[in-house]
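Next come two complexes, and both contain chain A; in the first it sits with chain B, in the second with chain C.
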Partner chain A sequence: MAEPSIIVVGAGPAGFRAAQTLADAGLRPIVMDEARRAGGQIYRRQPEGFTRSHQDLYGTEANRARSVHDGFDALLPHIDYRSDTLVWHLSDGQAWTLGPDGHRSTPYDALLLCTGATDRVMPVKGWHHAGTYSLGAAQIALKAQACAIGSRVVFLGSGPLLYLVAAQYAKAGANVAAVLDTSPFSARIAALPNLLCQPAVLWNGIALTRDIKKAGIPVLYGVTPVEVVGNPETGVGSLRFRASDGTEQDIDCDAIGMGHHLRPEAQLADLARCDFAFEALTRQWLPVQDSDGRSSVDGVYLAGDGARISGARSAEVSGRLAALAVLKDLGFPVDSADLTHLRSAKARYGRFARGLAQAFPWPSEQAKALPDETIVCRCEAVTAGTLRETVREAGAREANRAKALSRVGMGRCQGRYCGLAAAEIIAAEAGVPLESVGRLRNAAPVKPIAIGTARTSGE
Partner chain B sequence: MTSPIRSDILIIGGGIMGCASAFFLRRRGISVNLLETDLVGRQASGTNFGNVRRQGRPLYQLPLANRSIAIWRQAQALLGTDIEYLQRGHMRVSYRNRPEIAGDMERYAAEAAQFDLDLEMISGNALRARFPFLGPEVLAASLSPDCGHANPRLTGPAFARAAERAGAGVHEMCKAVSAAKVGDDFLVTTQDGREFRAPILLITAGAWAKRFVEAFGETAPLTSRGPNMCVTEPLPYAIGPSIGVATPETMESVYFRQVERGNLVIGGSIQNPTFPDEYRVYVKPENSIGQWQQMQRLIPAIGKLNILRTWSGIESYLPDHQPVLGPSAAVSGLYYAFGFSGAGFQLGPGVGETMAELIGTGATDIDLTAYRIDRFSSE
Partner chain C sequence: MSGRFVRLAEMDRKPLTFLVDGAPVDALEGDTLMVAILTSSRRLRDSEFGDGARSGFCLMAACQDCWVWTSDGDKLRACSTFARAGLEISRRAPEATWPNLP
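== the complex of A and B ==
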């Protein structure tokens, strides 16, 4: 039998460990990654020529980042690595890519999707003003380019990334005006039993908060954002919010980094026609997988945050496990002790992830309370009011129908950033459970691509 | 067992044909129930390009298209909602390597004039001056100033909601699983176990019509394909008419329009395979790439523009590219309107009004001879 064609999409911690596991078995996987340099997002590498140390860039995770980076570099002779390559469609058992050499299609026997995550964002009135970034974008500006998003920054939202980015900004010397957490502190206490299954990670999180407070940055819990106050000429001017005691306050800032934990980038799983299921805890649809990362589609495997938000450490485990599942399904010998060990590690991380979801809940009630004039879909400037009217007047009860009638999710991001909030608004207005609203269907291309990338013959 | 739900007319299929028919039947005071498997206007009606064009249709289709255009022009008032109809022209262009097409367009313009379709032939410097973005391969153009385009995503649902407000029963997520004539009535059972009964049945089920046609002992060689569609990011609004390439070569036959929001909607070239039983169609990437290559022939400067999304839907086709439209040849009280072969959007309102007239009065001025179902029975 010819060597099977195995494609790993993504070169973050999950993709790296998957590729390494396959290479260890004597195979030569193809690793396709959208970024110029491997490492993924949380261990994103600075561009060539930048000289900050791993310790400066990744703090407590410096050793892990180094092991992913060095490990990937050591793997290069054993894999077919295609960087700067976007997988924009899957069709007829082939991955369609756009890379430095243009369009290409590559057939696969097995496809491992390690596509990572982006911020999950709850809109706030005025968040369209220039200077409002996602937490992930704020972190990329710092890690990749050594830039802060503003000269006086407020971080708003919830989730571990809120504290990580704020601490990184403070450490880099940026002016952080406040950290405003929408989740109540009590949620963290309730989540403790699950969080205690990863004491080291939990301790890192506590230490981050301590560092932020030590730097003199106010940290407020149970905050309800009211409005990003700004104007079209000068962008963000302040953030108005309601503190947990009910008082309304304004805090001056020229930039806001916001996000409410993360969401999987599962577009390729959808284009691969994988089944999705609704997860009540996180109030979102996730691709269905078995304990090892097999999707509902033969030959398609899922690992890392692209399947379920569990963090970078977990991604290394689920990446290895999914690669073992590939090997097993292709008839290669697999050590059952390895499988058992990885499965139990993955389950432990899964429990921790549930703890995080409990501690930093998605503030779904905010969607219901958004003023009508709030822009929900920033790409297409669709307001909450328009969306609600679509539900009320045109009878839209389902996400894709609301999209068709209102344009929500039809812009450059294709609903990646507004889809989950839009679904909450539709459900609240229609008075139906979120689950029945469904999810936006994904369509190619996964990211916008220029018409001119399609070269005519002879060029 | 609950008793059957009765109406004067029962319609199977909630695309633009079914929804417009329901709307115009209600305006005649006739009671209607419409059954739709999914949500109204989701497949061919909602995913097509959105051309509201008369130009290029066979001459014998023009009376029906003219009836339709009159409705399009007053659609907003009629439906009480904006379906983004823009009457800013429709233009066909021909390439230099097919000079015969320019001649065909001129002949068509001469003949179409008798059907009130005024076409302006443009070429050379005049064409460059008015449409400077067209590529050097473009030789000549035929512009129909009073054609235009509209938003297909909005149009089917707009007719359905207007029909509902006028008293029609529009039943979505309600799949008809069997249809039969029992005595003087048609009896239709739906997947959720309900029974609908009416003395007249209209089949507007597009690619899914065949099952019902055959249940009544007739035949139509219906096939289905999915249009090859995409949309770009927005740019300042500047292009009024929708513009397409006139060519016998499917690969070359791309077209585009700019919506007021600024995006270019692009269609044409090779179509996609469909899966009507699963209610799905998937855009093939090779078809998208081929279309984008062709678009750069039509507009060389388009290369930097980003594509945001591709899509398709399930359209029904008949071998002669004409619909089946009119009464059944076998069963009294049974009517058909399906198989519009990728060219039904503009006709939709006119078909709705014509079917309502035919059913309501027993006759219509529109000559339906070319669309008879029994044209296939001798094959």
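== the complex of A and C ==
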């Protein structure tokens, strides 16, 4: 048989390990990545000409970041690497791409989706004001551009990234006004049994909080955000919130980095017609997979945070495992000891991820409490009130119908940043469980493709 | 004018200048358009829905809140496009140029 065509989408830790495993077996996978340089988001590289060390950029994960970067560079002669390439559709066994050489379609026998994650964000009244960013954005500004997002920054939300970014800002000399965690401290205690299965990672997390407090930055738990107080012209001016003791407070700031852990970028799995299932713990729809990363569709495999939010270390493991599944299904010999080892590592990371989800819960009750005038969809300025009206008047108890009627999820970001909150608002207004609202379906292109046709990026 | 983003390191890079809405903006080689613009200004663009200034949101090419335009009318994401000397950027969408109908 001719050499099978295997496409790996994404060149973060999962995509890298998947491609490496395939290359080790003598295959030459095609690696398509939207970014100009491989590494993914958490191990994102700074541009050429920047001089900070791996230690400066990645802290405790410096060695892992270096091994991903160096490993990928060493892999280049053995793979067909297409950087700066957006996979915007999948159909008829082909990946449709837009890259430096324009539009292309590439047929595949096996497709490994290692598409990573974006921030999961719960809107706050006033979050449309300029100066509000996702936590991931705050981190990229620092890591890739050596900038802080403002001269006085509040970090708001929950999840490991909240503490990681705040600690990185403090270390880099940025002015951090406060870290406001919406999760109660008690949730962390309840999550301990699961978190203890990765003691080193847990310890890193504890050390980050200690560093933040040592830098004199207040860290508050069990916070309820009330409003990003701002001005349409000048942007963010302060953050109003309710502390755990019920008192309302204002913190002056000109920038806010916010997010509640992450959500998988699963659009391509959807376009590949993979089945999705509702996960009650994270209140999200996730693509169905078996222990090794096989999706419900023959020839389509899932790995990394794009399948389940489990972090970069776990992504390296699930990337290798999914590649072994590809090899096995294509009839290549696979060492069963490797499989067993990787499966148990993946299961351990999965348990830790469940611990994180317990420790830093998605504050769904905040969606219900959002005042009607809150802009939920920043792209099309759709308010919570409009969404509720759609439910009341049109009986739009299903996300896609409400989407059509209110245009929520139809703007520039295609629902990435408002979809989960909008579903919570619809469910609450309709008085039905979240899972019965359904999920926003994804349509091609997964991102606007008129963008960047000039391809000036990276020159 | 004071900016939104604050530079913390890597300031020894080569300076360059490009135009935003006809006015020169100073940048460093390796800056994205977004960083170049927001280190000297507080807004990147105006929301087309009248709710005020916007300055991007995700910085990872996912939200599309950072579109700007070249003088040729090409749409760019400010967060994932590098600044280059001589570039002419407009923060406002070019008027739709429909052919005149008979």
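Everything that follows uses one rule, which is that the second predicted complex is superposed on the first by the 450 of 459 C-alpha atoms of A that agree within 3 Å, B and C clash if a C-alpha of one lies under 4 Å from a C-alpha of the other, contacts with A are read in each partner's own complex, and residues count from 1 in each chain.
What we mean here is this: contacts are C-beta pairs under 8 Å (C-beta built on N, C-alpha and C of every residue); 3 or more make two chains touch, one makes a residue touch a chain.
These numbers were taken from a predicted model, which means no experiment stands behind them.
In the superposition on chain A, contact of A:M410 is made with chain B only, not with chain C. Residue by residue along chain A, chain B and chain C are tallied for touches, and C comes out ahead.
Once the two complexes are overlaid on the shared chain, A:G136 sits against chain C while remaining clear of chain B. When the shared chain is aligned, chain B comes close enough to touch A:S105, but chain C does not.
In the superposition on chain A, contact of A:P448 is made with both chain B and chain C. Of the two partner chains, chain C is the only one that A:G150 touches; chain B does not reach it. Of the two partner chains, chain B is the only one that A:S91 touches; chain C does not reach it.
Contacts of A:G395 after superposition on the shared chain: chain B is touched, whereas chain C is not.
Contact with chain C, but none with chain B, is seen for A:I375 once the two complexes are overlaid on the shared chain. Legend: residue contacts after superposition of the two complexes on their common chain; A:G235 is shown touching chain C, with no touch to chain B.
Contacts of chain A with chain B, set against its contacts with chain C after fitting on chain A, overlap at residues 380, 412, 448, 450-454, 456.
The part of chain B that touches chain A in the complex is made up of residues 39, 46, 81, 153-154, 157, 161, 231-233, 261, 282-286, 288-290, 292-293, 295-297, 302-311.
Those residues of chain A lying in contact with chain C across their complex are 34, 41, 46-52, 118-119, 128-134, 136-137, 140-142, 144-151, 172-175, 231-235, 254-255, 265, 375, 378-381, 412-413, 416-417, 447-448, 450-454, 456-459. Per the touch definition, chain A reaches chain B in the complex via residues 88-89, 91-92, 96, 103, 105, 380, 394-395, 398, 401, 404-405, 407, 410-412, 414, 443-445, 448-456. Here chain C touches chain A in the complex through residues 4-14, 29-32, 35, 39, 42-44, 47, 49-65, 67, 70, 72, 74-77, 80-82, 84, 87, going by the rule given at the top.
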